[in-house]
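After this come two complexes, each holding chain A, first together with chain B and then together with chain C.
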Partner chain A sequence: MSSVTDKPAKPASTAVAASPGRLRSLLTNQQFLLLVALAALVAYFTSRDSVFISSGEVATMLATFSELILMAVGETYVIITGGIDLSVGATAGFAGVVAAFAMRDLLAGHSPEALVLTVGTVICAAVGVGIGLVNAILMNWARLVPFVATLITLGAATGMSLVLTGGAPIGADAAAINLAAARIGPLPYLALIVLVIVAVCWVYLHLSRYGRYTFAIGSNAFAARAAGINVRRHTTSVYVLSGLLAGLTGMVFYMQLGSGAPSSGNGAELPAIAAVVIGGVSLFGGMGRLTGTILGALILTVVQSGLIIANVSPNYSQVAIAICIAIAASLQALRPQNRSQT
Partner chain B sequence: MGHRLTTSRLGRRSVAVLAVASVGVLAACSSSSSGSSTSSSTSPSAKGSSGKITIAFNMGAEADPFFIAMNVGAAAEAKKLGVNLIWQGDPSVYSPATQIPIADQLLAEHPSALVIAPTDPAALQPVVNQALAQGIPVVNVDTHVNDISKVLSFITGNNQQGGAVAADAMAKAMHYQSGHSYQVVVGMSSPTTTTNVARLAGFKAEIAKKYPGIKIMSVAYSESVAATANANVNNWLTKYPNLKGIFAIDGTNATGAAAALQAHGLVGKIALVGYDAYATNVALLQQHVFAALIAQQPTLEGQMAIADIVKYLRSGKSKAGIQHLVTLPNIVLTPSTPASVLAKYTYPTA
Partner chain C sequence: MTAQGQPLYEARQISKSYGSVAALIDVSFALYPGEVVGLVGDNGAGKSTLVKVLSGVHAPDSGELFLDGVRRHWKSPHEAIQAGVETLYQDAGLAPHLTIGSNVFLGREKLRPGLLGRLGFLAQQEMEREALADLERVGIAVPPSNRTVSELSGGQRQAVAIGRAVSWARKVILLDEPTNHLGARQSVEVLSVIKAARDKGLGVVFISHTLPHVLEVTNRIVVLRLGRVVRDAPTAEFDAESLLGTITGLIDGA
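On to the complex of A and B.
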């Protein structure tokens, strides 16, 4: 229904599993298994302390999720084309810092908060798009592989953040913090905005020609070119999209922290890539679902918060997270069509 | 199948507009940054000038606010005494792997003296030994190599004492009374950051000694990421509804914890004691978001290191009047600290 190489079993997934065949396909459906894993984790952490499913804690987790998911969505597009974007975390940090300088000056001039945040968002988006373009230029014109090209921008953006700020956070915007914390029930408004962006990206990836081209390129770039797709232009736009979403993440960081902290994106590319991998998107490109990435990001968020709620010693946390990733990622092997394809 | 989103052309145009805007932003940033970096460091080419003392100063992460503040103190003292200062370290990585090649390079330029803040006590020992063998006197600042017997002086902040005064400040802010119990948590960067470890040890020792009612419920790591520190505190606030105090053990944790208290409307209700007097943190202290801030004295450390070296070199290499080990206390700043004192301890930016 959507992409060139998408899973054949998917279109019927809305139907209730009735026949034994349906049941088996449900049990080997990775998305379903991820959902089971997520439910099991939630059940476990809730059993350790019921406060885990309180509306305040859910809001906290959605805030953490908002910091991760936009980068993970951009990474999903990039990985589906068969590439990788290591620069997303650094881009988020750098965009947040650049925007924070402008917002600090506007606030000092008593500009209204709405204007300040709008300007900040535009700057974050622009910086993200700029870095995405640099990535694309390094790949398409300097002929660097994605890993190297985005490693260069990762280093450059991280360094620039430090040069600009001297390592200290920029700004102290209490109004932004309060806006980021405002919520309906357990759902922060900021997370709602992020979820709308994610939904748009889902439609674009799975229901539009743009998405079909993305899958086609990752599946077989030569065939895609032969079929008339402008591969260079399309991959450029995918890296620009990834940069844009990473830049917007910088704004999410700013709002939650009330300042542009140069460290906020440090290492953030790893959980973003982990969410994509847990979600079952093939690192070889051409295959995957954005819903998988969303589930992957939810699992990472639940584990991160859950370990604190369950009061697990922080020295064990990293190991526990690694085990969760290993279990979730190995679920991929259970998928029969996956076995035959790889 | 039938879906056809015809927004691609519009999308392309808006992407182009944003791209142009971002190039402008990037250009603006790069020009402003080059301006600031040239003003912060003294030209390395100055070493050759006849007979003038040239001091090489080498540290882990040059862009750390702590070292930027140290640079300000060192540069001012060097200017006052009329000596050259070469200030060089890796821009952002605090690691012996990046520090050693830079230190070797500095020694190859035959400076009159070397001031070094080693990132690892064992790994940087050979660099110090080589300098001494070349007849170049060495001062250690902030951190030290294993064998400091031949090092002219070692000037450092007292992190253990800093942790202890943090406990005192927290107890005072939550009006500690014996017989009551108080839940507190500690946010640190990682279990291997030596300054963090020393501060936590001092904090725990002081609690054991004076405040038996204070109970450390949990410790979590931020991996030096403010957003992670923020998430940790948000989680603690749900987990421990009766939380009375937070010790944010370094600048990153302070940023994350301050934002979490503001987001939950708990400013003034939970005693937040943070570390490092960044300008933003001092502003938050004045708004009572922090009950106290513990400040180190990097500017003074840098100044004293230069003063020691110059005194030694100008007195015909006599160690008279130079203290071998100088431990500068960490300073407690509170909302009631006079503004002039706050200004004195706020880390200057280059």
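On to the complex of A and C.
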């Protein structure tokens, strides 16, 4: 298929030779394949039981999606720089717990709900930014690789959540749950805010100078530095962004549970990373689309909810996620993308 | 020395070690406006290290740099670029996943006018258009599309890298192996680009293993061996044989 090309470069895809136009962009477009897969999954689960597309079930899926997507977005930025952030789940859990303490005290003092939630959100954001900074310090000054640096903060944040709480959830804020479920039109209030954040991150990744530097660093860090980009500062800001979004996820957990549960973020980094990988973002850095991550997160959400609707034991859902990753990653490996990084 | 007056760019007594390995030892080197200086030497002679010192990637352990007679301490490549020193790094200067235009404007992105620009949004189409115009003006033909660099051939990549350096340079261009990966015809193109830059009054440092290219395009040749300058003389004093002998050490430097 790719044996004849009009240029000496290795073809970007097997479809280049066949037709350089639309066929190429369609077949190599991971987004297009993901969209087809998503539509097929929705059609299948709906045919199993039409409850799948009922408003109640859609709201449940939006809640699951909201818990996942912010971390996945931060992870996308990080992975495009060629790094990895293992600490997002632990950061979300820890931020939720810390904020829950403050919110419990405020509620006990009969502060208005809006103030309580605002303070909680600010605390979650601050905790997330703090952990992102610690990650960056471990990488830039202690010279640890991202995997190790964020493994350390994963452990530390998970442990601190348990230490602070003794393992029990903090607070009982029924008003927060009601607010999270409240809707503007068909959309839950909380999901709407999450989607706005995702949209801003999407626009910035692909259309701004900030996004351009993120890709450039992952593509060739030396070239980025030689071109005058402050690689260290930019990488720091990317891990801070990832921490911030993970911290805000802690607030999403709190809103859905009405409390800060120390275990809420346990293992949550795995579906976040899975969404990015399924979305076709290269773990080598420099390549990917945020729409891919969004579709990846939607597929994970649909599979999880669909299996429950189809009466499959929830224990199988981890296996199903693993199968999704395997399929997506194999498809990526089959694309002969030219990786000539020096 | 062929040129007169104050050097455009000068290195005095530069030393640089990596751990216990001395890559450069007391290297002094001057570049005059409108001059092409060849920097030659065997592998490990210190050529690439000297380029990285001159371009601000590495700070020297000791020694001084002067640009237009002013002492300079580059803290980053950014400062050298700002001061008018452009560099083509051997095989490493481009981001393969970015388009030609994004690479040409890397680190110097054009933003959209008005509020969007202030928010950091890129004027991508304008950059792609101008990049192609810049490369054409320099005399380099690249495919007119928004292709990523990874989709280009080795020669086309090299052409983009050279075009970027030449179109941005205001004073000095450092070219580390610019004719690598190039066929005969493309090499001729690159050499004429270098001559055009020289004629505009820029100072060019040309590093190459391809000695006929060095002899053709340079005014002066500096030979490095094991981190030291062993010969610094007008190109007219060399022929292919004596240059090779000086590089390998069969002929003693002056």
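Rule of thumb we're sticking to: the second predicted complex is superposed on the first by the 302 of 342 C-alpha atoms of A that agree within 3 Å, B and C clash if a C-alpha of one lies under 4 Å from a C-alpha of the other, contacts with A are read in each partner's own complex, and residues count from 1 in each chain.
Throughout what follows, a contact is a pair of C-beta atoms (placed from the backbone, for glycine too) under 8 Å apart; a residue touches a chain by one contact, two chains touch by 3 or more.
Since we're looking at a predicted model, the values are computed, not measured.
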item: First (chain B), second (chain C), both or neither touched by A:N230; value: second
item: Which of chain B and chain C A:M287 touches, first, second, both or neither; value: second
item: More chain A residues in contact [chain B versus chain C]; value: B
item: Partner chain(s) touched by A:L154 [first = chain B, second = chain C, both, neither]; value: neither
item: Which superposed partner A:V78 touches (first chain B, second chain C, both, neither); value: neither
item: First, second, both or neither for A:S208, with chain B first and chain C second; value: both
item: Partner chain(s) touched by A:I299 [first = chain B, second = chain C, both, neither]; value: neither
item: Which superposed partner A:G171 touches (first chain B, second chain C, both, neither); value: first
item: Common interface positions of chain A, toward chain B and toward chain C; value: 204, 207-210
item: Parts of chain C lying in touch with chain A, wherever the complex brings them together; value: 55, 57, 76-78, 81-82, 87, 89, 91-98, 102-103, 106-109, 111, 119-122, 124, 143, 148, 150-156
item: Touching residues (chain side chain B, partner chain A) in the complex; value: 1, 3-5, 8, 11-12, 15, 18-19, 21-23, 25-26, 29-30, 32-33, 36-37, 61, 63-66, 68, 91-92, 191, 217-221, 223-227, 230-232, 234-239, 251-252, 255-256, 258-259, 262-264, 278-280, 283-284, 287, 347, 349-350
item: Residues of chain A touching chain C in the complex; value: 7-9, 11-12, 204, 207-210, 212, 215-216, 218-220, 222-230, 286-287, 337-342
item: Residues of chain A defined as touching chain B within the complex; value: 1, 49, 51, 54, 56-57, 60, 63-64, 67, 98, 122-123, 125-131, 133, 158-160, 162-164, 166-172, 174, 177-178, 180-181, 203-204, 207-210, 237, 240, 244, 253, 256-259, 261, 263-268, 304-305, 308-309, 311, 314-315, 317
